[in-house]
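Next come two complexes built around subunit A: one with subunit B, the other with subunit C.
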Partner chain A sequence: MSEKVLIIGAGPAGLEAARTVADLGYTAVMVEKRDRVGGTPDEFHYAQLTHHFRDSEEAMNELAAAATASANVELLTSSQVAALEGEVGNLTATIQNGSGSKNIEAGAVILATGFQHFDPGRETQYYNYYSFPDVITIADLEGMLKAHQVVRPSTGQPPERVAFIQCVGSRDRQIGNEFCSKVCCGIASKQAIEIRQQLPDSRVMIFYIDMRMYGYWENELYWPAQEQYRVNYVKGLVSEILPKGDRLLVRGEDTTMGRPMEVVLDLVVLSVGMEPSAGTRAMAATLNIEQNKYGFVAAGGSTRIDPVATSRPGIFVVGAASGPADLDDTFSSAGLAAARAIAAIRRAG
Partner chain B sequence: MSEKVLIIGAGPAGLEAARTVADLGYTAVMVEKRDRVGGTPDEFHYAQLTHHFRDSEEAMNELAAAATASANVELLTSSQVAALEGEVGNLTATIQNGSGSKNIEAGAVILATGFQHFDPGRETQYYNYYSFPDVITIADLEGMLKAHQVVRPSTGQPPERVAFIQCVGSRDRQIGNEFCSKVCCGIASKQAIEIRQQLPDSRVMIFYIDMRMYGYWENELYWPAQEQYRVNYVKGLVSEILPKGDRLLVRGEDTTMGRPMEVVLDLVVLSVGMEPSAGTRAMAATLNIEQNKYGFVAAGGSTRIDPVATSRPGIFVVGAASGPADLDDTFSSAGLAAARAIAAIRRAG
Partner chain C sequence: MDAGLDKVDAIFEKETAIIDGVDISGPWNRMFKERVIWEYTPELIDKVADLPGGESFAWCYQCAKCIPVCPVDMVGNYGPRKLYRMAQTGTDLHKSEELWLCTTCANCLRVCKKVVDMVQIMPAVREQAVLDGNVPEELQKAFEDTAKFGNPLGQGQRKRAAWTKKSDVPVPIMKKHGQPVDVLWYVGSYPSYHPRGIDAALAAARIFNALGIDFGILGPEEKDDGDTQRLAGESGLFEMLAEHNIAMFNKYEWNTLVVTGPHELNAFKKEYPKLGFDRSALHYTQFLVQHLDQLKPMLKHEIKATVTFHDPCYLGRHHGEYDAPRELLRAIPGLELVEMGRCRENGYCCGGGGGGMWLDSFTQNHTTMRLSERRVLEAVAYGAEILAVCCPFEVSRFEDAAKSTGNDQLKVLDILELLDQSMRG
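And now, the complex of A and B:
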C-alpha cells in the first residue's frame, strides 16, 4: 500500500496536479522525460498567455516554484516510466533514466503528458512549410514574439504583411484529425495583437473557417484585435501558397465576399493544431489505458461524465493528454485529478 | 476553526464539489434555495446531454446520489445564505429558511450558483418571443424533447420546418453581453439531431455567425448533424421574424451566399445564452466578492491563472457562476475548488 501519487509529465498540467496533491497533504512523485519542468510552454518559448497577456515564462516559473518548493513533491527529470504493475493503492512503476532503472511505489497515477504541435510537413505539403522559409507555425512565432524578433526568416527583416491560416491539422478528415483543436483561434488572435504591438506598421490578416472565440475570449481577444489593433479577419479557404518574387502569394476563396482571393504577404503563420504527444501515445500503451481514434487518452468513458477518468481504475488523465485543452481546462482538470487520485488511494487503504 | 466546506448551490457544480470534498474525508454542507437538487438541468427538464447523448435526468440522479449518499455531505434545501462573517478557517454563515435562521461554521466556501438562460424578451423584442407562441428558446425545447412532444405551441402539432437562431443574448454589445456563451452551438446541434431523431420528416436549419464546436464537439456533434441528420447550417444574420399565415417568416441575410434570405418556418428556436443567475448576483454581493462587468463572479484575478479563485481568500467559484461553462468545465472546476478549499482549511488550521 502506497499513498504516493505518481505524476507523469511536469508541464502545466503535471505541475498543477503535483501542487494540489501536496496541498492536500499527500506526496507526489513527478517523472519528467526532459531535463527541466515547464512542458511545451517552456520548450517552445511561449511569449504571452491568452490569460490577460500574462508573461508565459513568469507564469510557468511561479507554477514550477509552487510545485517543487513543497517537501511533498519529488521530481525526477530525464526519466521515463517503463512499466506499471499492480492495482490502485498498490502500484509499482519502473522508472528509467540514463544511469539505470528503479522502482517507485504509488497508490495512483496522473498522466500529464500533453500534446504536440501538428507537423505541417506531414500531409499538407501544399502550404510549403518545409520549402518556404517565410511560412512558419504559431509555435515558431511564439519564440519570435518572446525574443521581440518577429522577422521574415528569409531576410531577417520585419514583415510588413502577415497572415495566419487557421485549422492546419484540425477539422481535417483527409489527415484523420476531424476534431477542432480549440485554442488556435485564441492563440492566433493573441499573436496577431502582439505582432501589431511590436510592429505597429504591420498589417495582419487571419483566414478562418469559424472564429471559435468561446467565452471571454470573444470580448478579451477577438473584439480588441479587430477594433484596437485593426487585425483583419477574413472568412476564407486558402488553397495554396506560391512564391511571388521574394514574397508569398496566398491564393484561395473569400467565402463571405464569394470571390477568389489573392494576397501578397511577407510572412504566413500556420495555426497548427494539437495532436497527442509522443509521450502521451507511449504512456497510454505502457499504462494499458484506452486511447481514442486520434491517439489521445480516452477520458470519461461512454456514459460517465468524468473528464479525468481513464479505462483503468486509479489512473487519471489531465490537460491536453486527453484532447485539445486550454490552460483553464488544464488547471481545472489537474485539480480534479489530484482529488480523484487521493480519493482512490483513501478507498484502497 | 472549522474544517467544513460550505457549498452554495446544489446543481451539477455544487454536487460534484460536495462529492469531492466528501471523498477527501472532509465535510460539505450544501445550501440550496430550491426544494431539490439538480440545478438548471433539473429545473428546465433537460433531455440529453452533449456527452454522448447521455440522459440528463439519469446523469443528474447519479450525481446527486453520489453526493448525498455520503455521511460527510449535509444538504439544506429551501435555504439561503444571508450573511458570511469571518476569515478563511473561521467563517460563520447565516442560513435562512422558511422557519427562521441558523448559523453554520465553515472553513471555506464554494460558490456554485450557476447561470440563468438569457430572457429574450428583455431587449430583443424583434424576435417576438413573447408575442409569437411558435418562437421558443433552447431551454423551452429541452422540456419538449424530454417529453418527446416537440410541437408548435400554437397548434399542438409537430413542426415540419424548424430553425435555430444562434447568439441570442450573446456576442451582443447593444445589450452589454459581449461574451460568447460557449455552449449554445453544441446545444443547438444536439437538439437539432434530437428533433431529426424524433421527427424524421422534419427539416432543421441553424442560422449562425460562427459555429463554435470546439474540441470533440466538431466530430461528435457537428459532422454527424450535417452528414447523418441532414441539419442545414446557414451562416447568416436574422433581422426579423414576422407572421406568415399561421406560420413564421424569418428574414435576414445569408452571408455566405451574399444575398437576402426569407424562410417560412413552423417553429423558431432562439439559442439564448448564459447570464449570471439571480443567486450568483445576490451571493457575490452577500459574500463581498468581485464581479466582472457582466455580473459573473470574477475568477482568477488579473494575473493569476486560477479558474476558481475569487477576490476573497477561502471563497472559491465553480461552474457557470464565473462565466459560460460546459459540463466538463463545471466538473473539473468543482474538483479543483474542492481541493483548494481543503488546502485553504489545512493552511488555516
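And now, the complex of A and C:
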C-alpha cells in the first residue's frame, strides 16, 4: 500500500497536479523525460500565454517553483516510466534513466504527457512548410515573438505582410485529425496582436473556416485583434502557396465575396493544431490504458462523463494528453485529477 | 508563367451567339470569369475607422444579420457587412457611390451584435466626401438651397410663415405675439413650404386651437433644423442652422417645444444639446397623446377605413416612440388599424432619411425600386386604404410611390390630417 501519487510529465498539467497533491498533504513523484520541467511552453519558448497575455516563462517558473519547492514533491528528470504493475493503491512503476532503473511504489498515477504541435510536413508537405523558409507555424512564431525577432527567415528582415492559415492539421478527415484543436483561433489572434504590437507597420490577416472563440476568448482575443489591432479576418482557407519572386503568393477563395483570392505575402504562419505527443502514445501503451482513434488517452472512465478517468482504475489523465486543451482546461483537470487520485488512494487504504 | 496569372485572361467570347433570336455575336457576349481578389485593402477600412464616429466600421465580423433588415438591400444590394467587405477588397467608401445610399434608418444597428453604427459612420465619411467635393449633384443643390434660403426646398425665408394666411384659426408668430407661450411649435421646412406639408400644418393649427393650447411659432425666424443635412455630410451647415435656431429658442419664453417631424425631434433631443441647447422636445404625437382625454370627445366623425401606420425611423428606432401615433389613430372612431409585417422596431424605411430625401434620382440608379414604392406595396398587400404617417418627409414620398406603382387608391395622410378630419367631418 502506497500513498504516493506518481505523476508522469512535468509540463503545466503535471506541475499543477503535483502542487495540488502536495498542498493536500500527500506525496507526489514527478517523472519527466526531459532534463527540465516546463513542458511544451518551455520547450517551444512560448512568448505570452493565451488568453491571459502573461509572460509564459515567468508564469511557468512560478508554477514550477511552487510544485518543486514542496518537500512533498520528488522530481525525477531525464527519466521515463518503463512499466506499471499492480492495482490502485498498490502500484509499482519501473523508472528508467540514463544510469539504470528503479522501482517506485505508488497508490495512483496521473498521466500528464500532453500534446505535440501538428507537423505540417507530415505526409502531404502541407503548404510547402519544409521548402519555403517563410512558411512557419504558430509554434515557430512563439519563439520569434519571445525574442522580439519576428522576421522572414529567408531574409532576416521584419515582414510587412503576414497571414495566418487556420485549421492546419485539424478538422481534417484526410489527415485523420477530425477534431478541432480548440486553441489555435485564440492563439493566432493573440499572436496577430503581438505582431502588431512589435511591428506596428505590419499588416496581419487571418484566413479561417470559422473562428472558434469560446467564452471570454471572443472579447479578450478576437475583438481586440480586429477592433484595436485591425487584424483582417477573411473567411476561406488558403489552398496553395506559390513562390512569387522572393515572396509568397497564397491562393484561395474568399467565401463571403464568392471570389477567388490571390494575395502576396512576406510571411505565412500555419496555425497547426494538437496531436498526442510521442510520450502520450508511449505511456498509454505502457500503462495499458485505452486510446481514442486519434491516439489521445480515452477519458471518461466507466461513467463516460469523468474527464480525468481512464480505462484503468487509479490512473488519471490531465491536460492535453486526453485531447486538445487550453491552460484553463489543463489546470482544471489537474486539480480534479489530484483530488481523484488522493480519493482513490484513501478508498483503497 | 508567373504564379497566379493564369486567371487574368479568363475572358470568354463566343464567335457566334444568338439568344432568343437576337444575334449578340461579338463583344456583346463577352464574359469575364470571376474577378480575382489581388489585394486586400485593410487601409481602406482604417480610413473609415480612423475618423471620429467611424470607429465601429472596423468591428464588423461579417455575421450578415444587418443585410436582411437593410431597407436598401431589399431593393438592391447593400448593407454594412457588404460595405465592410467592399472596403476590405478595394473600395474607397469616401469616393464610392455606395456612400450615399444609406438612409441612417438604424435597422442594421438594431440587430448588430457588434454595434457597428452606420448612424455615426455615414456622416463621418460623408463629411470628408463633402470637403473633397465628392457629392451627388442633387444633394449638393439641397445643401446650397438650405444654406441660401434656410430650407432645402429653396423657398424664401420670409415666406416661411406664409402658410398661416391660409389658416382659419390663429397661428401666433412669436415676434409679433410679444408674450410667453406654453408651447413653442417648431413647424419645420416641409410643413411650412410643401403643399402637402402645409395641409398637415393647417390641421395641427386647428387641433391646437381646439384644445385651447397657448402656442406660437417662430415663422420667419425659424430655419431648417439641419440634422438631415448633417447626416448627409454637411456638418458645417448643420452647426450654422443649429446656432441660429438655438438663439431663436432662447429668445422667447416657452414651456414645451413641440415638433412636427421626427428628424427635428432628433436634432433637438440628440444633436442640439451638443451645441449647448439644454431643453427637450416632443413630437406632436407625443404631445397630443398627453391631451387624449380632451381630444377624444372632439373626434366625432367616423373615418371608416382600413388604415396602416408607417413608423418613421427617427420616431421609432431612433427615439423609441411606437405607441403615441397608434393611440391617436385608435382614438378615431370607425378607423380600423392594421399592422404591416414590418412595423414598430422593424419598420421599413421610406428612403427619405440621411439625405435620401434629396437623392431620389441618384438612388434610382442603384435600386430596383424606391424604398417608398416598396413600402407602399407592403401597405397595399396588407389591405390598407389609408397609409397614415407622421413625418413630413413621408406624405409626398408615399403619394408619389402610390402613383408610380399604380396604387392611386391608397390615400396617404398625416395623422394630423386624420385627427382634423375626424374633428371637422
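Just so we're on the same page, the second predicted complex is superposed on the first by the 343 of 349 C-alpha atoms of A that agree within 3 Å, B and C clash if a C-alpha of one lies under 4 Å from a C-alpha of the other, contacts with A are read in each partner's own complex, and residues count from 1 in each chain.
The rule is short, and it goes like this: a residue touches a chain if its C-beta (ideal position, glycine included) is under 8 Å from a C-beta of that chain, and two chains touch if they have at least 3 such contacts.
The structure displayed is predicted, hence computed values, not measured ones.
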(Q) For A:Ser189, using the defined touch cut-off, is the partner it touches subunit B, subunit C, both, or neither? Pick first, second, both or neither. (A) neither
(Q) A:Gln48 in the overlay: touching subunit B, subunit C, both, or neither? Say first, second, both or neither. (A) neither
Q) Now for A:Trp217: first (subunit B), second (subunit C), both, or neither, which partner does it touch? A) first
Q: Kindly classify A:Tyr233 by the partners it touches after superposition: subunit B alone (first), subunit C alone (second), both, or neither?
A: second
Q: Once the structures are superposed on A, label A:Met205 by its partner contacts, choosing first (subunit B), second (subunit C), both or neither.
A: second
Q) Between subunit B (first) and subunit C (second), which, if any, makes contact with A:Met257: first, second, both or neither? A) both
Q | Touched partner set for A:Leu249, first subunit B, second subunit C, both or neither | A | second
Q: Check the contacts made with subunit A and report whether subunit B or subunit C touches more of its residues.
A: B
Q.
Taking the stated contact definition, name every residue in subunit A that is touched by subunit B in one complex and by subunit C in the other, in rising order.
A. 211, 223, 235, 256-258
Q | Of subunit A, residues touching subunit C in the complex | A | 203, 205, 211, 222-223, 226-227, 230, 232-235, 242-244, 249, 251, 254, 256-263
Q | Interfacial residue positions of subunit C with respect to subunit A in the complex | A | 2-4, 7, 34-40, 42, 45-46, 49, 58-59, 61-62, 85, 88-89
Q | Complex contacts: residues of subunit B adjacent to subunit A | A | 20, 23-25, 49, 51-52, 54, 59, 63, 171, 178-182, 210-219, 223, 235, 255-258, 300, 302-303, 305-308, 323-325, 327-329, 331-340, 342-343, 346
